[in-house]
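What follows is chain A paired twice: with chain B in the first complex and chain C in the second.
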Partner chain A sequence: MLTAFAQAFRTPDLRKKLLFTLGVIALFRLGSQLPTPGVDTQAINTCLEPALDEGGIYGLINLFSGGALLQLAVFALGIMPYITASIIIQLLVVVIPRLETLKKEGQAGTAKLTQYTRYLTIALAILQSTALIAIARQPGRLLQGCDLPLIHDVGAFGIITMVSIMTAGTAVIMWLGELITDRGVGNGMSVLIFTQIAATFPQQLWQIKVVEGWFVFIVVCGAGLVLVAAVVFVEQAQRRIPVQYAKRMIGRRMYGGTSTYIPLKVNQAGIIPVIFASSLLYLPALATQIGDPTSQWAIWIQKYFTRGDHPIYMLTFFVLIVFFAFFYVAITFNPTELADNMKKYGGFIPGIRAGRPTEEYLDYVLNRITTAGAIYLGVIALIPMVAIGVLGSSATQQFPFGGASILIIVGVGLDTVKQIQSQLQQRNYEGFLR
Partner chain B sequence: METAFQILLLMTSMLIVLLVLLHKGKGGGLSDLFGGGVSSSLGGSSIAERNLDRITYIVMIVWSASCIGLLLLLKE
Partner chain C sequence: MTETAEATPERPASDGGRGGLKGLPSRIGLYYRQVVAELRKVIWPTRKELITYTVVVLIFVTIMIAYVSLLDLGFSKAVLKIFG
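Let's look at the complex of A and B:
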């Protein structure tokens, strides 16, 4: 493993990519720490401690932004607008026929969809930064239980400047992510999410030691390691459907006759369902922040949807995850197309006729395997919430080995390592994973 | 002085948003996100794209410098 790592750095091509990625990550973290001009950093620092202990609605979102959100940093919004925009576009593809035809067009259509997603990201960034600053403007709203003013200049011009800085920050993040995808290692957006979560990780872990003592700290670490191992195990799991290709004579040469398999991952959807579900669940809480906090519906939402330890919240979270798991698999994996392609190239699954029966078989297997995968995702994501409910202490509100963060860290880590490995294999065959 | 910085920031922010949007999106949509697999990064970027990159770098440097400058000004 270590020699492979050294090898990766000895390969000039790969070294350049790795260093580039690290540089972008460093820049990204820098921007997440840099406060937006006009924000009173001292007031925020004094207010942040009690607000984080309280937990509150921003826990997960703050986690995704690596602590940048509550510090009102330049990169406060992080990648959330891009994720939300992606969700919206993906959902619209199903609903609006014009977008659907674009998607079916192939590469050119997908590029156009990406462009729409980018425009929508900027629109959302403007919206969210305005909302965030509007909340921060009133003392005691963003960081509850603290009456210090967080912003120096509450005039219109100062506010507009701050909004435009945050919007530009989001655009920069989007670009940095694309740069990583293009010239670095791994998928840019996921690497950036990974960075933000990994950045808050040690701090939260240490918080547990400070509050609960060494014993709980060691137990939590051990539990976390076991969980990571289990998650890696399931992430790698796949069902292999055998495919036999018929031998064909074209001219004087023989083609085909090979037998391969279609790998169907147990967790085909990856971590997207978790991210989607948590960002959707954050919306009602956001609505109460913007609207009147004393009205009836706001109180109802605050009662049931702002704290992770309420059963209704957990149930909704679970149902949403399962739904998005199926939704995502349905979008990305098309049995009809696969069956058609197999028929075209003379392939078949042993014991099943080509064409429609194959399609039905694939659909059947996929449904069953996704059911298991979706339930697994939901259970993993619920672990921290259940732990909070059982332990009943407020300090574990930000359980560091939270399901979402573990899933993302392991998922992105595996993906990136696999990509490095495949590039390494172009030169020699020993890799990280055996 | 402060207002000058603010105006500079406002303009560079808008420029950044514009420049980033002018880029061809390479991050891929959702299917790329966490989907795994090596994304197609075939083909180098064109000269126009490279120039766009260069301009974006410069504007970003000006933007961040004025950001830090305004921060220091407000601290005093």
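Let's look at the complex of A and C:
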């Protein structure tokens, strides 16, 4: 199996893509460590450690920005604004007719939608970076319990420079993500969020050992392994709908007569619903940081939406995941189009008429399968929170997104490995997955 | 062109779904049974497949985490040296 990894690097085309992706990841990490001009790096370093030990909200924010946010790095905002923007645009496509016609226009329309997503990302980035710096300029607000000033120049010029640099950083991240999608391996957005989580994952795991000791650490690791296997198990499960192609003569040649199947994954939506749900739930936590932390709504949010073990939080998370699972399947999988195509090429599902009935049948199966898939996603994302909550440890605070981060990491890992695999197979190599 | 798929009189398992105006619990029950029926037709991965995929994913993820941690270590040291 390890030879397959070596083989992947021996194939020139694939090697280029892999190295490109690794290079982009390196750039991304560099930007996440590079401080924005005007930031007092030393002060941040002295303040960061006690704040992180406290866990809770800082752990949450730190996990999802890959540690860059609290360091006020150039890439402080991470890939989040881009993800949020694309969620908003995809939701708006359903609501606003003009955007819907754009989407139906095909490639030109999609390009236009991508353009809108980029503009929205920039707008969100300006908003978030302004808010972030507004907090950071007051000593003791961003990293509570530490009164050192974090920013040298708190005048208008310094602030404007920092905001524009962070916004530019977000634009660069967006570009890096699109580059990975185009010329690298895997989907850029997922790979970058994978990187962000991977950056804080070891720390978080170690925190459990430090706080809880070896026993809990080993139990958590074992549970993690089981979880990984469970995720792989469901991701690989397919409902195969048989399709029979009619034999027909075109000119002097015989076509068709083959039978294939349409593979419907149990979890057709993949990990996108989890990414969407987590990034939406991350917003209120961020909002409390930006707003006045002593005001009533902020206290309310702190109470219900920043602790992974609170029932209301878990319920919201679950509902969001289920919603996005259905939503994402609905926008990516189009039974009408599939049924039309099958009809055009003389294919049919045995026992079902071509056209409308086929479409209805596909819809029927898809809805039933997605119900199971969505519930699976929600449950997997919640298991660690519930389990650690039951164990009665404070580790939940250090491991707030346990289930979600494992889902994202395994999901992206599986997708990427499969993509490498299919590229290897094109060249007749055996690949990893025998 | 389109006179392909000749209709077959029976269609397995695809009816139901909108079974009249029965009560809500019975409709949920029906839906639940339909979900289970579809899940029975799902092809689950074999044990061997599962083990291979899990191991490969674990190796891949470990390599990536190691790579990212190494990068972070290097960059944070460099940043501290230059700006600290």
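In this text, the second predicted complex is superposed on the first by the 400 of 434 C-alpha atoms of A that agree within 3 Å, B and C clash if a C-alpha of one lies under 4 Å from a C-alpha of the other, contacts with A are read in each partner's own complex, and residues count from 1 in each chain.
Please note the rule applied: a residue touches a chain if its C-beta (ideal position, glycine included) is under 8 Å from a C-beta of that chain, and two chains touch if they have at least 3 such contacts.
What you see is a predicted model, and the numbers here were worked out from it, not measured in a lab.
When the two complexes are overlaid on chain A, chain B and chain C sit side by side with no clash. When the shared chain is aligned, no partner comes close enough to touch A:Pro284: not chain B, not chain C. In the superposed model, A:Gly378 lies in contact with neither chain B nor chain C.
After overlaying the two complexes on the shared chain, residue contacts for A:Gln419 are found with chain B alone; chain C is out of touch. Chain centres taken from Cα atoms put the angle at chain A, between chain B and chain C, at 140 degrees to the nearest 10. Within the superposed three-chain model, A:Thr195 lies in touch with chain C and out of touch with chain B [touch as defined at top].
Within the superposed three-chain model, A:Arg239 lies in touch with chain C and out of touch with chain B [touch as defined at top].
In the superposition on chain A, no contact is made by A:Gly78 with either chain B or chain C. By the touch criterion defined above, A:Pro35 lies against chain B and chain C together after alignment on the C-alpha atoms of chain A. When the two structures are aligned on the shared chain, A:Pro335 is found in touch with neither chain B nor chain C. By the touch criterion defined above, A:Val365 reaches chain C but does not reach chain B. Per the superposed model, the minimal spacing between any CA atom of chain B and any CA atom of chain C is 5 Å.
Applying the stated touch rule to the two superposed structures, the overlap between the chain B and chain C interfaces on chain A comprises residues 34-35. Partner chain B is touched in their complex by these residues of chain A: 31, 34-38, 74, 86-87, 89-90, 110-111, 113-115, 117-119, 122, 152, 157-158, 160-161, 164-165, 167-168, 171-172, 174-175, 177-178, 181-183, 187-190, 270-272, 328, 331-332, 411-412, 415, 418-419, 422. Every residue of chain A that touches chain C in the complex is listed here, in rising order: 1-2, 5, 22, 25-26, 29-30, 33-35, 41-42, 45, 67, 194-195, 198-199, 201-202, 225, 228-229, 232-233, 236-240, 246, 248, 266, 343-344, 346-348, 350-354, 357, 360-361, 364-365, 368-369, 371-372, 409-410, 413-414, 416-417, 432-434. Partner chain A is touched in their complex by these residues of chain C: 1-2, 4-5, 7-8, 10-12, 14, 17, 31, 34-35, 37-39, 41-45, 49-50, 52-61, 64-65, 67-69, 71-72, 75-76, 78-80, 83-84. Residues 3, 5-6, 9-10, 12-14, 16-17, 20-21, 23-36, 38-39, 41, 56, 60, 63-64, 67-68, 70-71, 74 of chain B are the ones that touch chain A when the two sit in their complex.
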